[in-house]
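One chain, chain A, links the two complexes that follow: it is found with chain B in the first and with chain C in the second.
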Partner chain A sequence: MATATTAPQATSAELGSRIEDAERHRRVRWRVVFVTVWIVILVALVTFVAGTVRLDTTFLNKSVPFILAGVTITLLVSFASIAIAIVLAILGALGRLSRNPVLNAIASFYVSFFRGTPLLLQILFLYLGLPQAGIVLPALPTGILALGFNYGAYMTEIFRAGIQAVPNGQTEAAYSLGMTDRTTFRRVIVPQAFRIVTPAIGNDFIAMLKDSSLVSVIGVQEILWRAQTIGRPTFQSMQTILVAAMVYWVLTILFSILQHRLERRMAIGDRRPA
Partner chain B sequence: MSLRGRISLLGAIALIAAACSSGGASPATSAAPSVAASDAASAPASGSASAPASEAASIDPNSLLGKIISSGKIRIATDPNYKPFSFLNPDTNTYEGFDTATAEETVKRLNEKLGTNIELQWETPSWDLITAGSWGGRWDVSIGSMSVTESRAKVVDFTDPYYYDGGGIAVPTNSTITSLDELSGGKTFCVGTSTTYEQWLNKTLEIVDPNMMEPPTDPQVTALPTDNECIQAVAAGRTFDAIVANKNGLEDAVASDQPIKMLLDKPIFTVSVAFALDKSGPDTAAALDVLNEIIADMHADGTLKGFSEQWLKDDVTTKPE
Partner chain C sequence: MSAAPAVADSDEIDPREVPGSLVPTGAPPVVRAVGIHKFFGASHVLRGCSMTVYPRETITILGRSGSGKSTFLRCLNFLEEPSAGTVMIDDVQVAASPIRRHSRADLERVRQLRLRASMVFQEFNLFPHLSVLGNVTEAPVHVKGLARAQAVEIGERYLEKVGLIDKRDEYPARLSGGQRQRVAIARALAMEPRVLLFDEPTSALDPSLVGEVLKVMEELAHEGRTMIVVTHEMQFAREAADRVYHLEQGEFLEIGPPEQVIEHPRDERTRVFLARFLGSAHLHAGAGAVHVPDPMITPHAHELDVPHPHG
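Up next, the complex of A and B:
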């Protein structure tokens, strides 16, 4: 077969499928390289760690289940805190967008204070300060409140931006249909804003999974508290901390996948029908 | 209008706080490893129940002891990072050690004395939060190796001592230092934060001990969350000239083949160690009385000596000369 002579006579359909083949080939090669690099780094890391940290398997068999039992607490803290944060962020964003100077001031003061001080300090402040005002919450809700208030401040700004990102035309269209301010906000603005901020909420939740470890200082028995407490008596903290790191990592990978799926679902409305 | 808006915002926050406190309260304390508190809280002999029960009835319900009795539980703070006094046993997932055994025995005797069925509930905040005082009712008593110092006595009420603590100094195994004098002049030290050992180095320790050794001059102090981290830091290859910590704890680490050795046979200071109750909380007088009685009994019948020999391989319950 004289390819040189037949090539120019190829139909456009053949040409198209050849381009598709090449494209598919390129994508597969890209993925192979991508996965290979991941595996190489992972193997290098595992080799390095295994070479430096002496792993005691009988000790790990006992301590890993104890550390894993902290996953429930970590997830409980993270979910409860993010729920509080979302509620506060909605209130905060409304305040920040309000024309009422009092509401606006309260909201901006809240954001300024909780973004302006360290999270660890806020946890200790609530833990030590609230009882002096006569409110004695156990450590777990205290930690959840502190995390919720802190993340709520960051998310206030995200929500505010999300609401402002809904095009003006949407509001105008709602008005022209005879919707009131309130209905427009509830039925038109909020649903669209929520879709805009979904990736950011997912991101914050993943950050929250790890920041929840800070409540270990007030004795909440989550993953890090357990890793440290079981590592110290036998002077093997390095191993247990390593286990905790893996647990956090796996958790964040799982939730990243969930986040990705959720975002894809939320984006369905953006796709044009083919 | 603006006032109503503000109130509703505050109301929402208060609602969240309330919902959170009721919804999340139980796991905070029951999530602990299944601590062997059940035997300590087992019902006392029924024969002696009638007489002590009247004693319990005469206690002021607003005092600390009254609150403990009416709530049916005593919340004891301990830092379970303090082997061999209080630590987590990975085999059984329970707290163990000298302090733990003392606390469990104390609750058992409290129930016998009062004819009650008070349950022991552990609280495990970090050590510096326990010594800070103003517990705000988060726990009732610290049975966690708290040394009696003048500065702490300003924020907590101490019982009579249940043991006597000695401070110790350890140096890395390969250290050439052989005396306390050689640690003077800018040497580096590792200590647990908010401990009497840190205060000793910083010359802020206020105790009455004629035999207290003079701390080295110009110490460069690194304070880690617990002194256990100091030992692990040295084991990991960080260099400190010395670690100052509880003598029994250091000896336990040496016995566990950690790369440190004791510098001195004698303690650098000895100090009484007692249960502590919050001065800023409910009236502690009745609780102090009954706890002091129990401590005296446990000294007299050799219970504390037994715990000490079991966990510390040594009797630390008699006052040193």
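Up next, the complex of A and C:
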């Protein structure tokens, strides 16, 4: 304070850099504490688990590669299901926004049914029900279909909200330039709605990575199925399920990072509100 | 629908007869709106408004907030469907039929109408996912079906006109309000419409940015574009308009050249409106001038790359 009154000009520059330093310090300290807490919890967890579950290294050496082989299946199921879900969600959203009562009713029924019943039940229902209708599909495509239909129902609502979030002025501007409804939707609404729903799609994909484990009940050989199968004969399921948990966790972390990058790239320049 | 009782065009001056008018003698009107009524629920917002606009004319619609100015303008290109009345722009005529379900042919006729009348909005409504040039070329390419190269050529010409050719690759979010509105004007121009509709184009702008937009609009008026402008900018109405329409409670009370309507209004209610409006403007910005930016106190003065027309 005393220096500020004696040499105001020199001090103001110096004060600025000192404030900056202090702020940087605070940020660094914050990160250090943050990371430390993560490590502490992680170590505590590992110690607890190591104390409870006796880890058998020879067994793990054999079973970990077997479980890891399920990553491909899990990713295949997740990507295929999310692709089906996106297609269904676009159709569903169009139906929900349609002025045609028939289309609207079909879409609304679809959303209501698939959001109103458990996913696990839907997987079993499809697996057991399709053959009764004369359609015999292997477990893998059945599981993909069930997941796709279920997520499609949730994403229908996301897409509908995304389309409705595009300001009305955009439609008016398109109309006043002579665009048809179709051109307006394709060239003006969809590109903006897509930006709005991208984070939600990423979120759903990460949820899908884990929900894909549900198809293990119909024998799809993804991560969880493999963990249970190799652990069961020797009553070492606890260890293999732990391994599976780690694999899922690492996968979600990787895709979270990817999602974050994608969102940042899409936000360049033009996301600030008008 | 029955033809609503039209406000008589009869006491209007025929601009083709006015000496010094830009309007070619004997030219057919570009815009003809007859007996436009609009109801929002039970409230009767437009009560039989009629307007005839000839080529190269600039029309200004004045009136207090809520008088129905914007609604009338939006009825002209059917962004708002009139409850009754007929709009003719160039060779396309559309009659209101709000009850009957619209056929494909009806919708196409409305679209043809809109192709002949581009609108500039108060809130700009630029496409945020497209660059400045993309905004300007979008409709020429995807509506008119022009080749991209040709659309770019036209787009660049109009961006040049509004003084924003150097911003062609920017995104709207990175522009000031005045620049955005000028892009919106270029976008409207790029469709080469028969008439430009301006819906309070400067009302959403920071006062220091109004001038650059008005300057562009004045240039357009002086080069003989047909324009219908809803605005509160008295100075613009006085200097650029060929005719001024004063709208109050859904009716055109007074129609005439600006010298008459603004300086010597015949109608008592027009007089009251102007006294109140100019009175408050005088209070804020000094004699006659509305929104004169002071470069000394304007935070965005550096953005005024176009000199202010009244400054």
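Just so we're on the same page, the second predicted complex is superposed on the first by the 254 of 274 C-alpha atoms of A that agree within 3 Å, B and C clash if a C-alpha of one lies under 4 Å from a C-alpha of the other, contacts with A are read in each partner's own complex, and residues count from 1 in each chain.
Going forward, contacts are C-beta pairs under 8 Å (C-beta built on N, C-alpha and C of every residue); 3 or more make two chains touch, one makes a residue touch a chain.
Here the structure is a predicted model, which is why all the values come from computation and not from measurement.
In the superposition on chain A, contact is made by A:L130 with chain B only, not with chain C. Using the contact criterion defined above for the overlaid structures, shared-chain residue A:I73 touches chain B, although it does not reach chain C. Residue contacts after overlaying the shared chain place A:I19 against neither chain B nor chain C.
Of the two partners chain B and chain C, more chain A residues are in touch with B.
By the touch criterion stated above, A:V28 is placed in contact with neither chain B nor chain C. In the superposed model, A:G169 makes contact with chain C only, not with chain B.
By the touch criterion stated above, chain A contacts chain B in their complex at residues 59, 62-63, 66, 72-73, 76, 80, 84, 87-88, 91, 95, 98, 100-103, 106, 124, 127-128, 130-132, 135-141, 144-145, 148, 217-221, 225, 228-230, 232-235, 237-238. Residues 1-3, 5-6, 9, 12-13, 16-17, 20-21, 23-25, 27-29, 31-33, 80-81, 83, 87-91, 93, 123-126, 129, 132, 134-138, 226, 228-229, 231-232, 235-236, 253, 256, 258 of chain B touch chain A in their complex. By the touch criterion stated above, chain A contacts chain C in their complex at residues 167, 169-170, 172-180, 183, 187-188, 191-192, 195, 269-274.
Taken in their complex, chain C has these residues touching chain A: 77, 79, 107, 111-112, 114-115, 117-119, 121, 123-129, 138-139, 142-144, 171-174, 180, 187-188, 191, 197.
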